[in-house]
Amino acid sequence: MDFLNALVALTNFVIIPATAYGSQLALGALGVTLIYGILRFSNFAHGDTMAFGAMVTILVTWAFQKMGVSIAPLPTALLALPFGIAATAALVIGTDRAVYRFYREKKAAPVTLVIVSMGVMFVMNGLVRFIIGVDDQRFGDGARFIISARDFKEMTGLREGLAIKTSAGLTIITAVIVVAALFWFLNKTRTGKSMRAYSDNEDLALLSGINPERVVMVTWLIVAALATIAGTLYGLDKSFKPFTYFQLLLPIFASAIVGGLGNPLGAIAGGFLIAYSEVAVTYAWKKVLTYSLPESFAPEGLAQLLSTDYKHAVSFVILIIVLLFKPTGLFKGKSV
Amino acid sequence: MIEVHELHRHFGGFRAVDGASLKIAPGSITGLIGPNGAGKSTLFNVIAGVLPPTSGRVVMDGEDITGLPPHELFHKGLLRTFQIAHEFGSMTCRENLMMVPAGQSGEQLWNTWFGRKRIADEERALRAKADEVLEFLTISHIADLRAGEVSGGQKKLLELGRTMMVDAKIVFLDEVGAGVNRTLLYTIADAIKQLNEERGYTFVVIEHDMEFIGRICDPVICMAEGKVLAEGTLDEIKANEQVIEAYLGTGLKNKDKVGA
Amino acid sequence: GGHMKDVTIGVLVAFTGPLESLAPPIAEGAELAIKEVNDSGKFVDGGVITPVRGDSTCVDAGAATAAAERLITAEGASAIMGAMCSGATGAVFTNVSRPNGILQISPSATSPGLTALEDDNLFFRLAPSDARQGEVMTDVIMDKGFKEVALTYTNNDYGKGLADSFQSAFEAAGGTVTISAAHEDGKSDYSAEVGALASAGGEVLVVAGYADQGGAGVIQAALDSGAFDTFVLPDGMVTSALTDRFGADLDGSFGQNPSASGDAAASYEQMAEAAGFDGSSPYAKEGYDSAALIMLAMHATGSTEGKVLAEKVWELANGPGEKIYPGELGKAMEILSAGGAIDYEGASSVNLIGPGEASGSYREIVVEGGEIKEVGFR
Amino acid sequence: MTMRGALYFALVALALLGTGLFSSWTVALTILNMGLISAIMSLGVNLQWGYAGLFNVGVAGFVALGGLGAVLMSMSPVGEAWSAGGGRLVLALVIALGTLVGAIALWKRLSRYRVPALVVLLLVGFFAYRAVFDPAVEAIEAVDPSVTGYLGGLGLPVLFGWPFGALLAAGAAWIVGKTALGLRSDYLAIATLGIAEIVVAVLKNEDWLARGVKNVYGVPRPVPYEIDLQNSTRFVEWMQNWGFDPVVGSAVVVKLCYSALFLVVLLALIWMAEMALRSPWGRLMRAIRDNEEAAEAMGKDVTRRHLQIFVLGSAVCGLAGAMMVTLDGQLTPGAYQPLRFTFLIWVMVIVGGSGNNWGAVLGGILIWFFWVQVEPMGQWLMQAITAGMAEDSDLRSHLLDSAAHMRLLTMGLVLLIVLRFSPRGLIPEK
Amino acid sequence: MSGNPYQDDRGNKDATITNPSGRGEIEVSTGTGHGSHTAEAFLIGDSMTGGYGKSGPDILHDCTVAVNKGEIAVIVGPNGAGKSTAMKATFGMLNLRQGSVRLDGEDITGLTPQARVVKGMGFVPQTHNIFTSMSVQENLEMGAFIRTDNFKTTMEQVFDLFPILRDKRNQPAGELSGGQRQQVAVGRALMTQPKVLLLDEPTAGVSPIVMDELFDRIIEVARTGISILMVEQNARQALEIADKGYVLVQGANAHTGTGKGLLADEEVRKSFLGG
């Protein structure tokens, strides 16, 4: 019987990773949800926008590292972020001018825009691979851990370790700040309200003197910032590889949708729901049970509900169940 | 015909319909009036199966129909129109009418491949019927226009026309008059009266135009704050102090100052 | 078929898709061999060989088939080096190569299922059988005295096959596999897998995956959370990409990969470096060897006919004759022209068995000071 | 079909002919065959989206189920596996089914204690099932795992697998529809996407069913093998009489056989779809799509109709899936990725023109053509760009090395260009 | 579906309300015969001819509507006559093939709708006239979007006018009843404090008592010097308070006169005002 070790094991292998992963998903989902909320289509190019933003940030980070600029113990990449954001903003606004605006003016059906965004996705996809290649790229520096498993064990004398990565900590803090800021911006500021008005009824927004092009521009700016931040933090925590950013798209969409499209709070709730269901449902409780139960009750098997092969399937099952009870997501999202 | 017992419909804490009870007599044209937000449309939606009630019962000809889905109510002869016209915009006006009757064999997939002949015969009959209805409503000339592109009043007529494609027992009309030219509206009133007399339809009519109500409705029910406030002939209602205060008002205050 | 002077060889690997980062070194390996032959100028009749690339995408059998069809019928390829993934390989072979009577050598398809393929003997692969590696790995682990391991594998035919064969071999040898958990490549997060693996426990973690895919992701998460610090690395993991990424964190980890005696592999890696690619990337060596075997067979027979080539491939690969290592293709062609015999060893110690698969000898490695150190052969 | 539509079809035919003439006939036929299958898939999606506005993003799952159908019908049964664990496995499945049916009955009957009762029943059922299932699976998968390790199929001709694949997909669609069709737009989309992921996960991990990620190879064919033709003297003579190379000839003949089979299926489906669309059934569907609430008020059972069309569309996708496995000769569960089998199909539908059967078919063939041909196009593009550069410039080699990535980039450009000039699709609805 | 090939009915809002890219091809013409009584008007839609889309048929035929400073002008006519179309044309939302729009003597034919808002024009469309997902209060705030001064008092005035809105200020407007929505729509336009206000059937669906209030308020607004141009089907009440009335039939001016004058006209009464 050792509740403390059980608790630490659970924290280390379920709570911390799921929270970090959930925040990563939430940051990505925020961008998706914002585009859906304001511009009213599901942007398939978002994963690749994240990859692009992260890529620029990486290139600038490398330059800084060469020059010896650093803000240790924080990663240098944070310093490079503004450049990444600027470049990404230029890219997405350029894309909007060249591609999306045409369909907006034609008032094309949302599904057309979805397919168009897939075209954009392919192009960006090629662009990123073209510039930085297909391989893993490392760019993290600074202190890797806030607290590492080994240090924790030494400090506490427990048998189980507890590790918190700098990148994970950064991600969680950023996600909370960004969600709060976005919520405040959309609901309390004039520009934010005008964006919501535009998303609600474009024509009436026009009649109220709201400039649609400005709304669109601001939206893309925020999206570029979100995508770059999300992409960079994700890259710091895991690694940068163009292909994974495309793969990230599905859980991101799942988060945005199950949270309720168009709602920033929904994005974070959705992110956590997906992350926790992936990590927790397939968790093998053996260790935790062994610690917390009297010896004679200690489990023989893994005490695992389902094997990890099914982690995505399980998270989707949970998602579907949630939707059955809340048909427009946890936070009453929009639907086109 | 229809009895509503102690019906409640709440949205969150808000009681849109708050214990309304009323009876609709067969063969009548009942007017339903009341201030904005009184709960009239909500009441309609609950009766028509669009919204589930929070509590209470709806009984039609002795049968409990509470919460039945709209398509089942349709088969029991209960039809409704919408406050905002719900036309099938990409279909022609004639098609809008032709799709209404139930039990068309052409709605079965199998028949579309192996029962072409029967479908053709049925279609001919349906078409004739639809043209007849359009004629009756004096809108034959828009038969082949897309319903999405005709004007507001014509859409309202089309809504009414759909109820004429089958033998309805009771028809709920939600503000047929809003946005309709008054001359046309009174034509519609005549059509309603005619349907009531010739075909024996029962009508329940929500309307804010007192003249329209006066032309066809007896009795009139006034709702306020989710409850039935008063019930009687239009004259009785018009004389009711509460109704005047909540709904009818006393006319323009500034009228005399116009053009001054 | 028939006679020839200039020939084309199809280089069909998954340039796009989930394993896109493995593809270039394989293709460049093949092209390196082709360049070597061309530069030597000794190819039969003074002919020149042109490589044409095709994308087998790894996950889209339809697109792979179409690409192969194009290589063969439109670009006139007389043999195919590829495809990369077992799924695409099977589809390409049955739908394109076999009907066209073309020789196909895959550098990397490892699924045991391909063994049963009806192939008119036209299909070879230089990738070692997953079944064999399981046994070798068992020995390696047992020799180090570990009896209890956790196992994770990439969820495809390679990972699954390797995991299955390892698990049965290990358990037969008296060890315990506490858990066998699949991971998907290219996914964003492996916390769930690591959570389950850590909970199940074990002295070491066997990672039957790819070094720049989920395998690395799992190791990363395991290291970060302190779940495991020693890893067993089979072929897909033994690359410098892995040590570049984790450095000394991996110290103490060990494993094995199919490889020739150190000299051949090392010299190949040097050749690759000079040519500007990573020769230690998985199956880069087999890429070179596949192309080399194809060309040597053409040279020896003076034909491009699949059946003729296929018979020759057996002979060339298994000897007897003079052993040929990377960089010696010119020499090999000279011997062949002179009517001599060779035993092609190449960069990956080529030796074919049964249904045209590599037997593969394995090199045992450990990670020390953030470097892969070779410690012996099995 | 309009003049414009006919023109587009003529253009696609021309593109294929061009491929045949300038590159090779087998390439052209390979593209055509897969194009026909794609056309059927997009017909299925169009049925759901174009007719009824149902946003199904689970195409990959239904296609995979179709493939499973083909395997289960056509592979020969593995007797050893059946005797090792077949009976127990069937028993386990019966237990699972019984538990579910019981649970539903319980839910309907009881009103008090129904949650605890349900939980108890499900738990007991689950453990009973696992207790029978796990050892059975272990036994089955132990039977010669590298070649079989599964129960095998019925050993019937593969053509039976086509309707069976459609049936499997339809069954799954029915279950999905019953639960999830209440959802709208993107919420339905993510739910269907989830179902597809679940189906593919099952297919990948349940080795006893169809070998999981180990793939099933050697699915029998409904048409002759090229090798057999090449070995038949009559065929070789026949070819030589016409002056063809028997090897090429055999490949072309086999592919033409496939084309004919696929074309028959496609035309039958189009005929059925068009007939349905132009009758009161089609009118009803349009009415529902225009305004569900009003259709419901006009006595139409919208839920039932949605279910009907969802099941039909999915069945068509399943049929296409079975046909694809037949053409490939193998089932590769790992290949059913959403990008290729869901989103690409959507591209086909939208580019072709949603709501129009001919548009969907055109989109299917055209986009598939590009999907395959952008690879050489991308390489060609790179070559053209680098043509003027110095032989040894870094940029040049970098560009040439990146040529493979031009594939998707070119695809993106094609997509953007087509949609720019006909945003409602090449052959729009009416 | 309109003739626009780029558009799809599903999921789209009424595409004809706006013309976001500004203008099409316009030929400016100076008055064509209706000039007599519109010469010094504050807002004139002069001799307008045009229709929906680039190639749609003409809906308006040489149609003129105008309103003087501080006055109320009412447009009546049968359904489908083109009343709403005339309002939209005046607000720059569709392509005029002929005619011009002038505000306070300035030709604004070439301006986008947003630019007209800035010039002091306000508009309540007939449908889709509220932000359904935003709260009542936010709807009103959006009405004041272009104002830089403090609009608290205006909002209080709107709440005084429509007390029900004060109770429901934090409720999403989409959850309101039909008549309540209409009140929000008019409230939003009043928040703009425009120089000229265009109202398309402001009283459709509102109860008699609110309708009286509304007309009262419109009179008050007009007396502060704001011009009001409105379409009404409650034509008799509307014409009673109107300084000027237009009867449109099939896109053309059929009758024009003072409100009282039209009310007195037997033919107008019978054909358009319901007897």
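Think of it as A, B, C, D and E in the order they're written, each chain with its own count starting at 1.
The criterion applied here is as follows: a contact is a pair of C-beta atoms (placed from the backbone, for glycine too) under 8 Å apart; a residue touches a chain by one contact, two chains touch by 3 or more.
Protein identities per chain, from UniProt: A, D = Branched-chain amino acid ABC transporter permease; B, E = ABC transporter ATP-binding protein.
Bear in mind that the values here come from a model prediction, so they are computed numbers and not experimental data.
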Contacts common to chain A and chain C (chain labels): D
A-E against C-D, pair bridged by the larger set of C-beta contacts: C-D
Most distant chain from chain D, judged by the mean position of its C-alpha atoms: E
For chain A paired with chain B, centre-to-centre distance based on mean C-alpha positions, whole Å: 49
Interchain centroid distance [CA atoms averaged], chain B/chain C, Å: 74
Intercentroid distance (Cα basis), chain D paired with chain A, Å: 31
Chain B residues counted as touching two or more neighbouring chains: 89-90
Numbers and ranges of chain A residues touching at least 2 other chains: 103, 106, 108-109, 111-112, 129, 134, 307, 309, 312, 336
Junction residues of chain D - those touching two or more other chains: 185, 204-205, 289-290, 405, 408, 423-424
Chain A residues within the chain C interface of the complex: 9, 12-14, 16-18, 20-21, 24, 129, 134-136, 138, 148-150, 153, 161, 163, 165, 234, 238-239, 241, 243-244, 247-248, 251, 275, 278-279, 282-288, 302, 304, 307-309, 311-312
Residues of chain B touching chain E in the complex: 11, 33-38, 41-42, 83-84, 89-90, 146, 148-154, 175, 178-186, 208-211, 246-255, 257-259
Contact set on chain C toward chain A in their complex: 17-18, 20-21, 24, 155, 178-179, 181-184, 186-189, 191-196, 198-201, 212, 216-217, 220-221, 224-227, 241, 244-245
Parts of chain D lying in touch with chain A, wherever the complex brings them together: 49, 55, 179-180, 182-187, 189-191, 193-195, 197-198, 201-202, 204-205, 338-339, 343, 346-347, 350-351, 354, 402, 405-406, 408-413, 415-416, 419-420, 423-424
Chain D contact footprint on chain B (complex, rising order): 48, 50, 69-71, 74-75, 79-80, 82, 86-91, 95-96, 98-100, 102, 104, 106-109, 111-113, 116, 119, 122-123, 162, 166
